[in-house]
């Protein structure tokens, strides 16, 4: 029924505020006395994180420890907030690599486009979120830090397997 | 001794508050100094055994009237208009002279007066006995609700009229 | 000079009254002038309370009435000030000369 | 409630007034009902005609019951009924107190009795008048005020009644206010009375100053001790009181209003200007007899003024043609008699004459009213504008109005003092005491006036009822007797005029039994005054100034009166008069008398014109010059001062505060220095 | 036993002040803890539990945090008042406790010690006087911050507190009428059950003065500015209201002041309506000092401790109740708040005072002695009136819903809203 707006008519002449509050107090009292609390003792108990959680980035490496990044420049192009700084270079073998690769995690919105666009599956978002630092500078992750991280990669959504099964 | 100390304290507070009230350029400061003065005055009332009035002083003046003033100052946003408030040097001089003369004259009258009429021991005892018999509030209630009942009731009428008048005056006229 | 508390209170009352007077003379802000008047009323209250010690509690009854009148006066006075403010965009007493002939 | 047999019994219990307030209330209620009724039932003739008389008759009934009760009770001091406190200011306490004693009881009887009769008469007389209800309202109001006057136990209440009857008199004289002349007659009565009231007021103030109270009982009890006999104070009080009496009772010099007062309806003349109100002065003198007894000068003045009035009015009456004017002057003259009596100290005689006079003068007035009624109707039928009051237009009415004719002759004989009619006993008593107490000249004047009375009354009767009819051919067939509601009162009054005098028959008369009923009745009231008088040399000489006892002089006077009547009758019965329209005014002495000794003109010249001139001067100089000038000057001055003051009004609060502080400092400085 | 005099009195008073101030602060600290705990429980959380056992040291951690945090002062703020405001907010709440009778008197070697810091002759007038000063803190803070949100919060707060002060004072009048005295210990003993005495009702006043107690509780909440009456700091509209610009310990003082105020209000309710330190159903604690110094009952130190415990428990329970309430009810709208104060509570209290006065007059005339019977009659009367209030008066009239208000203002002109029944929807 297009165009119709649902109007909620509050009962005005019959509602007793005092009685309504009493009722509300009863509800909250019931919850107060509820023994099963939902609180998680966080630092002691950790969340069971979803494999698709998009957290702190990680750079995949080859077996020899080199970053997989080939400095194609797609990820800084696609990044909506311009948080990736990439200066490519070529080594003696003529292979391109990222001379500078920095991600400002402060600025990042964890959209995951970089991971999706990467042709070599080098940059990934990770299933990780505990990254407190003492200064802003520390939030700019350079290539070394990115490669050293070891949390699991975020699983991308597979259109052929929507439920990730 | 104790009494003298407290009196001195409160007197200095009251006098200082009053002076600062007229000397402050900021209306809100003035007001707060006045509240201070009223508070000190209520302390002096206590020293003079007028407990009930001390309480009423705080309730009515500090708690109601001055809040009303403050509210109006804020409502009209007068708190920051300090440039036009104070008069010139001549007026200040005149005020100083007039005020001092007034104070000097009254003080001289007080000092010249017969002190025994002010504080005869027996009258003080009589009032104290009254207060002891009926309590600080009851002692005042006695005359208030017997001899002065009609004025008291008229006071309520006065307040009613004031309320109505205030509403009528301050109401925004329909455009 | 050895003052008892009554005389001292009277002198304080005179002082407060004088200060209130001076304030009315010096200030232009209607609200401040108003406050000065309240101060003067309070000075009178103080002297009345001093007198109540020797003249009986009726003087305190009078103080009570003074307070009631002060409350009424404040209500009406402030309402007038608000009304005037709306008209003149200010509360400078020197500009309130509407009733001047 | 006392039963009638019980009332007639003589007991020694004190008299307690029965329904005292209702005596006053009934007429007042009647007045109020009729007064508002005048606006509500405009055309209704029944309700006012019932309510008005019924109220007065009811009052009369209560009075009679009270009278019987008082008669049954032992002799006593006045009974005072206090209704409420009227005013209390400083030392002055004036209560609405009613005094019931023998004098006021007698007056009550006379007033309510005569009033009842006249009210009944008015039902017929005023039937055609559009102001019927208003008339009864006034009349009832008058009765109320008259009763207040009579019953008042202090000067103030009496004064209320005094003023009230004055007001009613004014209203009733000017009852036909559309007529300018009538209205101004009312005004004249009012203004002349004010002069007298001024005297009353001054007397009242003097009494209060010297006694500190206005209550009769207290004043009379303390007067002999408080005031010197014949002193200035008591003389002044009594003279001022008497000034009031001359106004109310139409004595020289203030009698001039009464003849003009005949402008009112005739029953009003009968009630107010003959029977009741005008006797108030006599009543007042009798009431304050103690004071008068202490002031021989005042007594002499009273007696002399009374005698002078009696003679003067009698002479004027002889040459009047208006039937009511004749009766009016006759009234003035008879009132003079009463004042002579109370002046010389024969208070009972004065009151006695007051009573009998009320009967026969009311009768005469009502009779003349009947005549006028008949004449008016006759003229009205033929659309004539002749004066129905003028005796020259009457004559020969005895054939048309036999009852009126008969009853009026009874009245005439009574006023002339023919034995055994009422007037004989009362007038003879006055004349006798005048001589017996040693007032020779007054005695002579009284005798002459008595003979003149017989003369002018016979003239009136002859001109009205005997001889040929002069009404005019057209109007004559329309003359006829008045209805029963009017002649029955005449009959009642006629009976009273005959038997009214039998309450007091002197011992001296032969054949007749001696009766002292009135004397004994009034004795307690006048005893103090008599005591004072006798202590200062008043005594009954038992003989006239030129010898001869009471019986002889009574005989002489009645015979002389009879002779005068006969002579006058014979002289006038065949005389012819031109009708009023054609007649010329008499000249010579007759002219002087016809013009009432030119007294009105004299007053005009001597008092009114100078006063007018004076007031005109006052207006020019004092009012326009001084008062207006000073007011204008004040205004200009205020304006100037205000202008200067406005310079100080800057509109700045601080400036005002500065003035204020300066002022306070000045005040404080005066304390300090 | 004689009351304390001279040096002993001064020393005892000083001690009481110290002890009581410390106790108050502890209580305040505890209540912040309880607030979080209760909030947690109501939201099915467990609340603070990390710092110390059961999270009890959370309070200390908070304090430390307040002190150590950076202090920010907005530009253009009036420094003097910006500094003064938090003090003004905290002081009245604490000073109020001076007249609170918190336990039965205790006999000492130097005389009878009343367990009240200052038994001022004007009793609860003092309470009103001091409570009326609380508004300055809020107004000052709002004005001195020189910020629009703060300013609006200050204005709101001042109007709200001045308004509810009237209802608060009026709801104390029936108490005054019953007790016939203004001193706080007298109010306590009037609710106890003595064998004989001038005015003992034997029932805590929340029974014979039920409606008044209700109004007092609500007005007290409004006066403290707590949810559902925290319009002055409504974070949804005014960010933080009067304390938007405050940080660090200055904010901490507001925070403390709020909880001190809460406890004060609870203690006042305890004294006025819950019998103060009276222990129910036990006559042993009925101890009273008459004006001439004679002592009724047998005071001992352990009774003092017990009664103090009773006082504390009652106050604490009330505090907990307020917290419970806070986490149940949403905030009022401002016009609803003002309507409730001026158009509901004040008229109700006026009528109530008249009804109670009449009832008391009739009871006195009928010769009913002051006592359980008297209270019983009043309780019945109050139950009736409470019933009337809840089932007759309060039918959507006390606090109107948003829709009803719109409709009233629209007056049928600005587009009449026709309600659709659920069946018409979709």
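First chain written, first letter: the chains are A, B, C, D and E, and each begins at residue 1.
We take it that a contact is a pair of C-beta atoms (placed from the backbone, for glycine too) under 8 Å apart; a residue touches a chain by one contact, two chains touch by 3 or more.
Predicted, not measured: the structure shown is a model, and the values here were computed from it.
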**Request:** Could you tell me which chains make contact with chain B and chain D both?
**Result:** C
**Item:** Joint neighbours of chain D and chain A, given as chain labels
**Value:** none
**Fill in**
Take chain C away without moving anything else and the assembly reads one piece
**Item:** Identity of the chain that, by mean CA position, is farthest from chain B
**Value:** D
**Message:** Which chain has its C-alpha centroid farthest away from the centroid of chain A?
**Reply:** D
**Message:** Per the definition of touch at the top, where is the C-beta contact count highest among chain pairs?
**Reply:** B-C
**Request:** Measure off the straight-line distance from the CA centroid of chain B to the CA centroid of chain E, and report it in whole Å.
**Result:** 28
**Message:** Using mean CA coordinates as chain centres, what's the gap between chain A and chain C in Å?
**Reply:** 68
**Prompt:** What is the distance in Å between the mean C-alpha positions of chain B and chain C?
**Reply:** 7
**Fill in**
Per the C-alpha centroid definition, the whole-Å distance linking chain C and chain D comes out as 71
**Asked** What are the residues of chain B that contact at least two other chains?
**Response** 52, 56, 64, 68, 75, 87, 91, 94, 98, 102, 106
**Request:** Could you list which residues of chain A touch at least two other chains?
**Result:** none
**Request:** Would you mind listing the residues of chain C that make contact with two or more other chains?
**Result:** 21, 25-26
**Message:** Once the touch criterion is applied, which pairs of chains come out as touching?
**Reply:** A-E, B-C, B-D, B-E, C-D
**Message:** Considering only the defined contacts, which chain D positions touch chain C in the complex?
**Reply:** 646, 649-654, 657-658, 661
**Request:** Flag every residue of chain E that touches chain B in the complex, lowest number first.
**Result:** 78, 80-81, 84, 120-122, 125-126, 128-133, 135-136, 139-140, 142-143, 151, 154-155, 158-159, 161-162, 165, 169, 181-183, 291
**Parts of chain B lying in touch with chain D, wherever the complex brings them together** = 87, 91, 94, 98, 101-102, 105-106, 108-109, 112
**Fill in**
In their shared complex, chain E is touched by residues of chain A numbered 1, 4, 6-19, 21, 24-25, 27-29, 31-34, 36-39, 41
**Item:** chain B residues within the chain C interface of the complex
**Value:** 3-4, 7, 11, 14-15, 18-19, 21-22, 27, 30-31, 34, 37-38, 41, 44-45, 47-50, 52-53, 56-57, 60-61, 64-65, 68-69, 72-73, 75-76, 78, 81, 84-87, 91-92, 94-96, 98-100, 102-103, 106-107, 110-111, 113, 115, 117-120, 123-124, 126-127, 130, 139-140, 142-144, 147-148, 151-152, 155, 158-159, 161-163, 165-170, 172
